[in-house]
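My structure is below; once you've seen it, I'll send some questions.
When the chains are written out, they are named A, B and C in that same order, and each has its own residue count from 1.
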Amino acid sequence: MAALDAQSAELEVREGVDRETIETVNAMAGKYKYGWETEIETEYAPKGLSEDIVRLISEKNGEPQWMLDWRLAAYERWLKMEEPRWAMLNYPEIDYQDQYYYAKPKSMDVKPKSLDEVDPKLLATYAKLGIPLKEQALLAGVEAPEGERRVAVDAVFDSVSVGTTFKAELAKAGVIFCSISEAVREHPELVQKYLGSVVPQSDNFFATLNSAVFSDGSFVYIPPGTKCPMELSTYFRINAENTGQFERTLIIADKGAYVSYLEGCTAPKRDTNQLHAAVVEIVILEDAEVKYSTVQNWYPGDENGKGGIYNFVTKRADCRGDRAKVMWTQVETGSAITWKYPSCILRGNDSQGEFYSIAIANNAQQADTGTKMIHLGKRTKSRIVSKGISAGRAQNTYRGLVSMHPKATDSRNYTQCDSLLIGDKCGAHTVPYIEVKNNSSRVEHEATTSKVDDDQLFYCRSRGMDEEEAVALVVNGFCREVLQALPMEFAMEAQSLVAISLEGSVG
Amino acid sequence: MLNINNLHVKLEEEDKVILKGVNLNIGPGEVHAIMGPNGSGKSTLSYVLSGRDGYEVTDGSASLEGAELLEMEPEERAAAGLFLAFQYPVEIPGVGNMTFLRTALNAQRKARGEEELSAGDFLKLVREKAKTLKIDADMLKRPVNVGFSGGEKKRNEILQMAVLEPKMCILDETDSGLDVDAMKLVSDGVNALRDGKRSFLVITHYQRLLDHIKPDVVHIMAAGRIIKTGGPELALEVENNGYADLLAEVQ
Amino acid sequence: MALPQAKQDALAARIAGLDLPQGGWLGAARSEALARLTAMGLPTKRDEYWRYTDPTLLTAPGACAAVFDDSDEPPVFDAIDRLKLVFTDGVFDAAASDNPALAGIEIERLALAGSADIHWAQGLYGVLETRGQNPVPRPLAALNSAFATDGILIRVTGKVAKPVSLIYRHKSDASDAILHHCIKLEAGAELTLLENGPAAARFLKVLEVEVGDGARFHHIRAQGRDHERLAATHIFARLGAEALFKSFTLTANGRMTRNDCVLELVGDDAKAHVAGAAMGDRSFHHDDTVFVTHAAERCESRQVFKKVLKNGAVGVFQGKILVKPGAQKTDGYQISQSLLLDDDSQFLAKPELEIYADDVKCSHGSTSGAIDETALYYLRSRGVPLKQAQSLLVLAFLAEAIAEIEDEAIADDIRGRLEGWLHRHES
């Protein structure tokens, strides 16, 4: 019933949204509206990566010995690994010694006990981003009566979490929502049990790096049979220069639990590239359900490809129990380089995984993103809907894997993967891997590539829209299925983002 | 012709009992109609008789001219003379309508120990039958039911019936999705096959089909049982008063 | 970058017994091919384009003896009027062949071409193969160009009255044949090429085809039904303006078949269709790897591949459409489907699109699953017995691929082949 209500609410919003998009486009002056910097005193660890830096990060977070040992093991392993180069991404070699691995606002030296104690400059930063760290607040862009829809926020600024809202109220429901550094200290039994159990230390070059140097991130635990009373969200902001952000998120939905989780990210405009290598692990037990939505809007670099975030992210959900469900929804509009494949391991019988993605690459952006659906349990179902938009000189690749294990009998996969090209200097690529090892499962994959429909554009323009408005409208239509999968607030933000990301793509 | 005795059926996959003791006897040349509200088990009865997977007979029996039906494979039932005109005929891309019909006809003839029909004789037979049903050459060439309209699919079912000449015809909601003209065409096709020996079981939700195909006996089915049996007047009663009164009466 | 020692050793072992004829233009082409091969090394399972097919048997120093199925079924294309050119154990067999004199066509033997001055072949032999090495290395093709023992060189200048039919035969159970054919269709020329027969225990073949402006090339091949047989074949074709290329392959059984097809559309308005129907039983491993490059405007390409697999057979499809910058109005279509008749069979696919032009229409689809139970029941309810109903649905499944054959008589012949196969396997 609740799901139905949510759906009809979404539909109502959608009606007016297209108009909204255009208004937003008109209202926006700059091309990247989150490109400003917060002037704040920052404390850095020495530049470069070494065992000492790993020890320092651990010490700064006040971690127990087991956590330090885990990090050091990862660091040892990482030293022997090679950076993967199979993606269709072209970027200069990253100098891992020319980065800061830890940066935190000086004012966070003494951990604030409550949000009231947080440096007003930091609070102002999030307010300006549209993420007010107040407990009656909502995400940006939505006018709703107070208290009707609430979202708890964990705000991560460079390497540290500056605060988490609604903690007390969530605690009443038994939900743990805090920074991962706090969880390591306060809930070691849960962290030790689940950390690295979905994305092992050895998983890949960037995940191993993250395992060694992650500084903060969010931790969520939803106890058995609990529907999280509000949506949870983490907002990542990179502020400091030459600093990598390595956050780690761990979400555990115990038997029969439900949570909807939102993630947002932005960074200032800078001429140099910055590294972001995150890991998100989700454990979903019997009958539990997790929805994970991302609007990734890291600074994409300028029109000439100068600057921007290198975004190398490993996200994976493990449906461990029967009938477990996970839904990934991502809107990838930012970053100079995106390397990201949120995946689902469908281990439990009758478990379900869904992946909805919009990836927009404009100017000199490059995106190589997709998903993996690993069907291990019987009667497991997965659905992939990917919409890629390329404009300018950008390269946009969908890369995915659907694997039907011999034991995953009577399973289903449906993949729809569409690419849209705007302009003749960009590229759109599709690289799916399909592996079917039993015959009672059905796998269907469809992909199309085409340009923005001239007739549709002409129709819009004949009704008075200029070319950019028309493109924004048509592209939003192209992305509709994915936008519909987003929670309401994100859907609206995503729609305006689609328009903004494509500015300058026509004419 | 068709004898159904105390038939109990449940879904194979779940514990849902659909038919709870159906009894029905149709003599040679008789036309029976089964009416009933949605979910009463009418379509299930037709599927079980024709041998579709997914149903489990827990009790009872069904026979065609004395031969035990439920033991047979679907194709054996067809060869024995049973024909089901489907409510939703399946589309089979890649298989031409003519190839399909000819394969079916010759398979049945072979099973009955009759000689296979030559290509020429077959063509003649189909053309003749198709003409009366206003099925054109194009429809015969296309893959089975692919891209057919609702009316075309139903006409195609009746064409198959006309070509295969079964003894016992079951029509499952053949009127659904038909406009007045198509209904007339289909009914005429069915009536042309009434020869005093061939029997019919017409499953329908509405009385209007029975204006065209006049039944000898009308059964009302509800909750997996036949709750009332009567003459054609019973259909009119349903048309005027709905099923509610009848259901209440039984309860 | 130097090749790792293990790769060098494997290559040395593979080519140890092979003869590299010297001299003339062909000798030079062979030496260049050997240089390409030495730079690449032989493929291994770790290579991206061999992830689903283990090349070990294809790259081993020797071929293992094969058991050929010499059933009395009449050979395919028997009823078609054609010019027959026979190769026995990888060597042209003049005695068994027709007189290669036909209007509009010049036919030469590769084994005798080295000393002859066949200027048109010089621009073709190993040339298309070289172009096809980038971006995906195809070492087995380079090996072929270097060491091919024989083959046929055909130049077509007009419309050839009947198909040229290459027939492969074997005498030895352990023959390890390397054949290399080149075909050049001059502007406006037309040729139908047929290929069939169990060539060898291990068969390595390259076919290079230059389709000139407005020329039309039809290729239909039936790969043997013999169970113990290894084959790695390559087609490299380049299409000029308004050229047409159509290739269809029927494969029934064989222990391992890898068919590479590399097409390059360089003239505007060219059309390339490549299709395959495969039916595999038991230890059958069948791999279609297709790479279509659109480098001109308004070209059309179609890839239609269907596989029916049972008893543990494995089907692989790797198909790619690459649309280069400026190749506007490209129409690219690709479908790969497999019908798995039982739980042990596998289908592994990687259908790729790489597109650098915006005004294009490209799509691909891939499906895998069991036979449609509803259709099966429908057929049975009309009296068609189970096995026959299954066969009917299998043929229907393969129909889209067979429809790519333009010549009706040849298409019927292929259909008959499939029916025969199904009939044999119904019991």
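Methods note: a contact is a pair of C-beta atoms (placed from the backbone, for glycine too) under 8 Å apart; a residue touches a chain by one contact, two chains touch by 3 or more.
Listed by chain with UniProt protein names: A = Fe-S cluster assembly protein SufB; B = Fe-S cluster assembly ATPase SufC; C = Fe-S cluster assembly protein SufD.
What you see is a predicted model; the values in this text were computed from it and never measured.
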| request: Just say which it is for the chain contacts: an open line, a closed ring, a star, complete, or other. | output: line
| Does B-C or A-C have more contacting C-beta pairs? | A-C
| query | Just how far, in Å, is the C-alpha centre of chain B from the one of chain A? | reply | 55
| request: Give, as an integer number of Å, the spacing between the C-alpha centres of chain C and chain B. | output: 49
| field | Cα-centroid distance, chain A relative to chain C, in whole angstrom | value | 44
| note | Listed in rising order, chain C residues that touch chain A in their complex are 48, 325-326, 328, 338, 340-343, 345-370
| field | Residue ranges of chain C touching chain B (in the complex, touch as defined) | value | 372-375, 377-386, 388-389, 392-393, 395-400
| chain C-touching residues of chain B, taken from the complex the two chains share | 50-53, 73-75, 77-79, 83-84, 86, 89-90, 92-95, 99-100, 103-105, 107-108, 111, 143, 160, 164
| Residues on chain A engaged by chain C in the complex (per definition of touch) | 86, 88, 406, 409, 419, 421-451
